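Both complexes shown next keep subunit A, but they swap its partner, so subunit B is in the first and subunit C is in the second.
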Partner chain A sequence: MAKINILCVDDQPEVLETITRDLQPLENFFQIETADSVQDAKALLQELDGKSIKVGLVISDHVMPGEETGVDLLRFVDNDIRFAKTRKILLTGQAGHTDTIRAINEAHIDNYFDKPWDAAELLKAAKKLLSKYVLDSGLDYEDYMKVLDLDELLKSLKKG
Partner chain B sequence: MTKAKFIKLIIASILAIAALFVPYEALGVDGANTLNPIEIRVIAIFVMAALFWILQPFPIWSTSVLVIVLMILTVSDSSLAMFKVEGVKAVSHKDIMGTFANPIIMLFLGGFFLAAAATKYRLDLNLARVLLKPFGKNPKLVLLGLMMITAVFSMFMSNTATAAMMLAILAPVLKLFDPDDRGKAAFALAIPLGANIGGMGTPIGTPPNAIALGALNEAGFQVSFGQWMMFGVPYVIILMAIAWVLLMKIYPIKMKEMILKIEGADKFDTSPRAIIVYVVFALCVVLWVTGKNVHGINDNAIAMIPMAVFALTGIITKKDLNEMSWDVLWLVAGGFALGVGLQKTGLAAHLIGSIPFDQWSPMVLMVGCGLICLLMANFMSHTSTASLLVPILAAVGVACADTLAPIGGVTALLVAVAFASSLGMSLPISTPPNAMAHATGYTDTAGMAKTGIIMGVVGLIIAYVMMFFLAKINFFGDETIKKPETVAAKPAVEQVVSEAPKPVPQDTVVPAPANVELPAANAEVPAPAAK
Partner chain C sequence: MDILESFPIKIDRLKKAYFSSAERRIFLKKGECLLREGDANQRLFLVISGSLVGRQALNTPGSEEERYIDVLFAGPDDFIGVYSFFSASYTSLMTLLAVEDCEIAYVENGMDAIEPEKYGTFVEQFMPIMIREMALRYQRLVEQGKEKEATLYRLNRLETAATLGQLAAGLSHELNNAVGVLTRKTEYINNFIDKAILSITPENHALFKLGENCDRILSSGELRKISREYETRFQLSATQAKTLAKIAPTEEILANLGKNFPQEIDERSMYWILGHDLHDMKLAAEHAAGIVRSVRILGGSHFKREPGISVYKSFEGAIALLKQNLKGISLFTDFKEEYRNLEMYADRTELAQIWVNLIKNATDALKEAKTENPEIHVSYYSKGAYLVAEIKDNGPGVPQELQEKIFQPDFTTKKNGLSFGLGLGLTIVKRLVDSYYGEIIIDSEPKKTIFKVKLLLGDNYGKN
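Right, the complex of A and B next:
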């Protein structure tokens, strides 16, 4: 079973550290990668895809140095066929009204977290979204049984 | 592929290859005659399939596909040139490929159509709501209701889908239990018990039934859908009642009142398509229960009616079709392919000629097989357990048909093996429904083991008692009638048999019916084109 990646993007190293710590319970099944800018994140996505490494979830901040914002990154992920099943979380304290609307309408984000966030809530959301990713991608769910979200699993198995 | 899986693959492959070089003569397996190379290859494929299914370096359905392809490439008349053996009749590659279109596979596919349509139009959820109502609010009765409904659904839907549906209904209620009320474990365990046991009720309930039925048909013994239900349904009901009492004993329920709300099912869908689904479902069940003697359509053909109706009415769309559990069909086909390999190479006849199974105590044979099967099924997939054991036991059973007859004959042997395969449910890894119940976090491994072992053993005992009783009243008719006429139909294998030290005339029964059918099937092919 190849580990599925979670990509966390934020320009503040301490935020990345916190997210990584929050998601630690998933460590046995998912690999957490970090990037400190949109440019860096895009390069990392290309690199992972080039090695056929799956990216199941992108968690991104909104305002970061550089030309593009977090919403731009998530929109890129949403439009790129290679990441069609990848789930997206916007985690930010600085997104304005317009940015939030763009995030929903253009980047089709799955979840929105306001900074500061609740660690347990973030973990729960990540688990649910990664479960959707595993089940949607047709991966062998039995390999991930220990971390899968039960509701998502039952919903998916009900069909077959 | 992970390191662990890679190591498993290497070990299994080495052992399978080693099976090619075992000095079978020295082991006395075949006395004076040596096994021909093709037969030895079939043994190696068997060993490979067994190890791959147990160790699972690949998903189990992939192993099935591998079995079919390997057999075509190494033992068929279409094998690689280097594998062709002078003077030995190879297996027809059409027979091996044909396992995927075996009538039993069609029966199963028809079942998938029915189940998919029922789920799509929420017949399942609405039925669950209506059927649960009479059980009221008393948690003990609700438990019984849940188990019975799970069992009934599992007779027509896959065990996994049924368990997922019922656990989803149950999950919100389980959260309402007092933390110290152990009763919630009874509810969480009731679902996998109901799903696993209910599957035994009909031929389409679970793949082991299909595998046993396929082998029985191949050997010339017919068990109809209606006949299967006639013993299967009461059997399921008895086991469910026992399981219910057992669960309440182990996990006393303290909760006083319990209300199950089924979301997304307020009333039956009354759209024209939904009504077509209800009618076709009912029609199929009626046709299956009444049987061929009344209306002339055989059970497997009945299963094709919903395919046409649902396809034409758009009830099952292309997407629905693509999403069906084709892996299960491949898995079953792989089991059938092993049977074909065993029979058509003459290996079955050869081995039975060398090992005097007919001198064994029939009781020991019958019960021993069941116990081995039950043990295996606890640790590996039910379908792969049946896929491995049924072809071998079908051959053995036919060889000992005479001694087995008083305790139920070949039919009893194979039905019991199918049941034993379904009764392996003492561990979270035993079945997907168990795994799901375990994932809810409301069950404990010890409780699952306790109920699983008790139900497994009790279930096996009841199955044998029932089969013995059915044999006494001659439920399946006289099994031995078919033997003499089929022996003459297959000279190719007879030759092998006559060279064997202990010729057993009955063992030629098995390949004959398929052989007879083959030209007929071919003759029918041009017919539709001519229309």
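Right, the complex of A and C next:
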């Protein structure tokens, strides 16, 4: 079974560590990668794609130092055909901000979390979005049964 | 606009012709009244010496207290009674009081014009005076309007500052207590766990300590590189390798942990992680305390401003506070002897806050850029009513396009983990400088960045 990647992006190492730890229950089924800047995240996306490694989910912080923000990164992912099925979560310290609202619309973000987020909620959202990714990509969901979101599976099965 | 200059009227001739008579003279002692509002007046006055104030009562029905507004000030060569005289109302528009001893000349209504064949009728001769008087009154109105606007602005700003200050004071008090509890309890837990590990599993104590004292911050790229290497070298899973890379990013640390450590990672890494979590908690608490302090100052919870604050000592205090930050940086205090005793109307905490923020910014910029032979020069002098202070560093400089931005509250260039910048430092400086009616100027090029701060020195500040 090909390990699908989850990419987490935040400029603060402590926060990055918190995200990965929140997602630890997924570790046996998904590979969790981290990047501390938009630049590094883009480089990593290129690298993974070059190795034909799938990226199922990108979780990014909004405001980071540097020229590009997390929204720019998610917009980049959204516009790139290679990551058409990749799901996106935005972490933000300023929900309700006009920039954030615009971002959600423009980058087709699946979910946003206000900082500080609830660990269980983030894990739940990640599971749900990864389930969608697995189903959309036509992968064998049996491999991921233990961690996937059952509601999503059922919904998809009913449709199918 | 100076009306007297733009209206070059021949006042001298009128003075000589109409106001030189020794008979039509009035002498007033300071405080005496020339006319009361509503009095009949058939005279046009010219002030020879001294000065008067013209007042109109404010109609305040039901109020016992007498309130009035000053509408006119008249000194030598100014005319008084222009309105009642020329409007033919012959009633005084205001009460005229001598501010100091006065000598006043006057003409009576109905007087014959002097040399009418040459200068025209009486009214024609006095026309420039009427016009000048109207212009003066108009100008005064404009000035009053401006003054009122300035007062409203000041009031508004004070109100905002007061509200923000109250809010900030309340917030900082509450937060301080909460952060204090977190800090203390973290310490207790840390000590407890430290002892527990030492007695239960002493072989993992060093590992715990390593995590607790870990200040190294690896970029995600570096971390990935090392963990990929460990993955193949020790036959570890990606997750295991990453954990190992975090714990032992260098060969030295790896060697210290013993050659079996990579294989024991699953059982032992938790001790390092535990130590590291405690480290992060302590750092976060410290950072929160710092934010509380900044917010309190940002809120402008005005400290006590008073005269006689030594500028020299404020710098001394700021530099003492920054001892730790200034390590490895050459600091030059170019304080001239002649300004050693310079004093200003200020609050010493606010002053120190300005210097601390600017000097700390310079140290951060130098460290961030790893500037060779880093230097900071601090100097000050007085220029007119202002104190001018300069903080100069030989760092990489502030790019032109960022020079405006750096004063905005959420702008920061600092990103190192939990010690990241709040983006408030320069905002605080800007607000403080504004509140001293000053300005801050950046002059920056690579190897030479100067922050120049101008603050009003004097007691004029007392309007606040």
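Here, the second predicted complex is superposed on the first by the 157 of 160 C-alpha atoms of A that agree within 3 Å, B and C clash if a C-alpha of one lies under 4 Å from a C-alpha of the other, contacts with A are read in each partner's own complex, and residues count from 1 in each chain.
The criterion applied here is as follows: a contact is a pair of C-beta atoms (placed from the backbone, for glycine too) under 8 Å apart; a residue touches a chain by one contact, two chains touch by 3 or more.
This structure is a prediction, so every number in the text was calculated from the model and none was measured.
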Fit or clash - subunit C, subunit B, common subunit A: fit
Subunit A residues touched by each partner, larger count belonging to subunit B or subunit C: C
Which of subunit B and subunit C A:14 touches, first, second, both or neither: second
Partner chain in contact with A:158 - subunit B first, subunit C second, else both or neither: first
Touched partner set for A:27, first subunit B, second subunit C, both or neither: second
First, second, both or neither for A:148, with subunit B first and subunit C second: first
Partner chain(s) touched by A:35 [first = subunit B, second = subunit C, both, neither]: second
Touching partner for A:114 - first (subunit B), second (subunit C), both, neither: neither
Smallest separation in angstrom, by C-alpha atoms, between subunit B and subunit C in the superposition: 14
Overlap of the subunit B and subunit C footprints on subunit A, listed as residue numbers: none
Residue numbers on subunit A that touch subunit C, as the complex places them: 11-14, 16-17, 27, 31-37, 40, 43-44, 63-65
Residue numbers on subunit B that touch subunit A, as the complex places them: 2, 59, 116, 119, 158, 160-161, 163-165, 167-168, 171, 323-325, 432, 435-436, 439-440
Subunit A contact footprint on subunit C (complex, rising order): 217-221, 223-224, 238-239, 280, 283-284, 410, 412-415, 417-418, 420
Residue ranges of subunit A touching subunit B (in the complex, touch as defined): 1, 140, 142, 145, 148, 150-151, 153-160
